[in-house]
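Which chain is which? They are A, B and C, in the order written, and residues in each are numbered from 1.
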Amino acid sequence: MTPSRRTDGLSAGRPAQGGGRLSRRHFALALPSALLVSGCAAPHRGTGRPGDPVVLTLLSHYASGELKEALRGPVDEWNATHDRVKVRTKAVEFTDLLTTFMVRQAAGQGADILHPYCLWNGQLVRAGVLRPAPAGHAEEIRRGYSAAAVGAASVGGRVYGYPTEVQTYALYYNKRLLRAAGVDGPPRTWRELEETAYRTTRRDRYGNTLVQGFGLSTYDDSTTVGQTLALLNAAGGTFVSADGRSTAIDSPAGRAVFDLEHRLVARGASSPGVNVYRAFPSGQVAMVISAGWWTGSLKTLMGGDYRDVGVAPLPLPEAGGARATLCTGFMLGVNTASAHPREAWEFLRWLNAERTGGEKGAVATRMSALQVSVGSLTGRADDMRTLLGAGAGNGGAGDPNLRPFLDALAYAVPEPNMPGAQQAKSLLRKNIEALWTGRRSVEEALRVTRRQVDQEVARAW
Amino acid sequence: MSRRRFPWLSSLVVATGAVLTVVPFLDMVMTSFKGPGESGTLPYRFLPQAFDLSNYRAAVRQLDLPVLFRNSVVATALITGSVLLTSSLAGYALAKLRFPGRDFVFRLVLSTMMFPPFLFFIPHFLILVHWPLAGGNDLSGRGGAGLTVSIAALAVPFLVNGFGIFLTRQFMVAIPDEVLEAARIDGAGEFAVWWRIVVPQTKPVLVTLGLLTFVDAWNEYIWALLVSTANPDVMTLPVGIQLLQDHVDPARTMPIVMAGLVLSILPVLLLFLLLQKYYIRGVMLSGLK
Amino acid sequence: MVNALVPETAERTPRARAVRPAVDGRIRHRRRQTVVAYLFLAPVLLFFAVFLILPLGFALLLSTSHWSGFALGDIEPAGLDNFTGLFADGSTFLTPILTNTLLFALGTVALALTGSVLVATCIDKLRFQGLWRTLYFLPIVTTVVAVGNVWKYMYEPGGLVNGVLNAVGIGSVAFLADPDTALPSVVVVQAWASLGSAVLVLTAGLKSIPESYYEAAALDGAGAATVFRRITLPLLRPSLLFVCVTQFLTGLQSFALISVMTRGGPGDATNVAALEMYRLAFGYGDWGTASAAAFVLFVVVLAVTLAQLWWFRRKGEEA
């Protein structure tokens, strides 16, 4: 709090009387025009009168539940302590987020601050939606976050925003089911993974699956593709080439992953039709690859049974190889169309980079505290250690299952985010689902994926 | 005669079809009364355990009903009013006035019915966005949000309807020229002739057209979805209910959505039942064009 | 309004001046009527200029341009790249999207046509025709959001359809989740929703068939099947053509129902061209390819419509 801001606060607080008179006159003026445009306020420009605060809009998918509440905390704090710049949050569901960014941008009603899934950064940068981070902020981001998080928030080597929620992928397993099948610990290699999967699979006498050894999610793009890309990265492969203009999945590593998944399905250890996000918590799946956010949901869903859940780093094809897994995430960036970029970046720095003492005295950024409070992580490894180490009982803090996700920050590979990345991801999803349902062989699935994704990402724009 | 054979078989076919048509509506109503844990569970039960209004209360609470209703009503009124006005004006000119270029304009009107709406989706949206001097735009249509800030955006692409012009014209052709001529000799201007004689004489077809337009406008979804994505302030009822599913308690999602749907289709359903004679005639007319 | 008039009047002036004064009164009357006519037409013509001609030109421009941004100045010419891209190796536009579109339309027409012919010929023999028609009409006045959600819910494992299947001892079917059954499942809904208007049009068509034809056939001792094939069907042809053409048109271009029920999934199993166009434009900002897809679909719609007109006309000449 600088003195000047405090004075602003005083002067802003005083003219309540005048404001009342003003607003009545304005009401009289506004009524006909409101009827004319039927009560639709001009988009996010604020009032534009000198002396009035700048209003920044922030559009995210934190639309409901604990995420909405978690974001409200710091935003309320900012608004209570800053008189010159106010932040107003808007939210839509994640499934509508990209379309909402694009449509509102097309309509000249884009929010000042956007919270995109990093996968879309290439598309949003190409469309001229995102503003590159100013040098000072870019420097701060590069220094403060893990390489994967910075990579996900960058396009063509340029940083576009502050990474927020970061998800790494690891292996969830049910300790009870593994013990019951006589397996001591989580698998470390793919061979062990397969053996464990077959040994834990259980059926009734009619052939119905009671326990899947290894669950494969077909729930949505992110979970379906996430598990496959995590395995691909662990095998040393990547989805697209470094320049983002062609696929790299039709490789020995890609083949190995497709082969592995195909075998698991063919031998009955995986039943992709079953919703693993319901089956795992009810003890019907022994192992599944998923991201860190799931620990929070599992805790709520499973209650006391959560003690059966273990998390291990992603198994590697061979023992002793270099660890790797997938990293996905979101970032907060500033709209090129924003009239107040300086204020927007200022707010983002305050939210993401300024450290404060939390309730339990752990010093961390507001965003790190926010994410940990909902059982998630940010790309700030130091913050994560502090917050998780503090062992606070709220949310995800103190859960040993978060450790593997935290450790993975150091070696995880960012999800490719070239233009067309979302389309490429959907195409990959359709092909691996075709592989799992037996509509395509491994060879065919690899070939078709390569053809379709190449056509998509190589398009001249 | 042979038309009257197998009456029981005919009754059976028609009744089966009618049941299949009505059952989804009944299922919607029944589901809207089901409590938590009653819907989507096995075994399926048609009737709710109790006729509980809590889903309706939840729907009303979750949806900003006054705003959604207002937007739907304003958009529908704009569209219906404009279609009636422009159709009867243009229909009169094409039916009863002689002027060079009449055939060309008539053919233009007919040809507009040939272009499918999806072709106009993208350009209509961009035209509204770049509407000069609206929503902060400058004269060249840049810099602001254009007409997308206004409820009018919901209605604009539907304000004129080629079929409406065609329909009213066909009816106006049948009005005897002598009647109009007599009025003109009495000193009535063309506007007075149109308003005092032609419009009253074509009232039935205007009611029919109005009803067809009203129902279509009230039920419109895709364009309203696009415009509401750009500006949630102008969201209509169908869009609001579709988006409702995303953020209500999943265990009760469907019952609440069904309650919202029942509320949203009631106005049209009542209007249809009251005026179905006109509506059905409109559909028949469109079939005979 | 005034602007639209200016060219017309300006154009007329020289000719009007050349006319002899004797017929001046009539000419003036004609001229006045022209002005009035264009005044009456002004709103409509203005609308067509701004919302028909301009957008068509704009869409054509976009379909031959690269434009991934939002500033109008960034539109760059691209020739036919967008069109070739749609049909390039690896593109999903032809298969499965365009094939889905055709299957969806074809399935809807087949179901709705059979159903409506059956129901219409049966209704024709019954009393309370108005009541029946009203019932069949309910889906038509209902928003697609209601139709889509009600059926989506009925198709779910705990929904009505599976409830009935289970009651007669058949296992549950994952109608919308299984790529094999998803498209047929939405076809059924689209046909269900459009049955009412088809029944109505066909009933009107049946009423226009003179009773004397049936009486003559009865005297000749023709059976019900023969009567239907030889008299009802041929004389119903105009109505059938209308139902066929309009249902095909709707089927080829409608995606509201699919967007409500499946969003094109699972995978691309129910993805259709118009939905893909919407997604390309408003989800991915690929206005060029989206516009190209719209024109391709437009050509398909035209071709299918013309083919039906031609086929029905040829059948008519044969008969």
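We take it that contacts are C-beta pairs under 8 Å (C-beta built on N, C-alpha and C of every residue); 3 or more make two chains touch, one makes a residue touch a chain.
Fair warning: this is a prediction, and the values are worked out from it, not measured in the lab.
Counted by C-beta pairs in contact, the busier of A-B and B-C is B-C. Ranking all chains by how far their C-alpha centres lie from the centre of subunit B, first place goes to A.
Subunit A and subunit B have CA centres that are 40 Å apart.
A straight line joining the Cα centres of subunit B and subunit C is 16 Å long. Counting only residues that touch two or more partner chains, subunit C has 71, 282. Shared contact sites, meaning residues of subunit B that touch two or more other chains, fall at 126, 226, 229.
In subunit A, the residues that reach two or more other chains under the touch definition are 99, 103, 106. Within the complex formed with subunit B, the subunit C residues making contact are 8, 12, 30, 33-34, 36-38, 40-41, 43-45, 47-48, 50-52, 54-56, 58-59, 62, 71-72, 115, 118-119, 121-126, 132-147, 149-151, 153-154, 156-160, 162-164, 166, 192, 195-197, 200-201, 204, 211, 214-215, 217-218, 222, 224, 227, 239, 242-243, 249, 252-253, 255-256, 259-260, 274, 277-278, 281-282, 287, 290-291, 294-295, 297-298, 301. Within the complex formed with subunit A, the residues of subunit C that make contact are 66, 68-71, 74, 78, 81, 85, 88-92, 174, 177, 179, 266-268, 282-285. Contact residues of subunit A toward subunit C in the complex are 98-99, 102-103, 105-106, 123, 126-129, 218, 273, 419-420, 422-423, 427, 429-430, 433-434, 437, 448, 451-456, 459-461. Subunit B contributes residues 70-71, 74, 125-126, 129, 135-137, 143-146, 148-152, 226, 229-231, 233-234, 243, 246-247 to its touches with subunit A in the complex.
Remark: subunit A residues 36-43, 45, 63-64, 93, 95-96, 99-100, 103-104, 106-109 touch subunit B in the complex.
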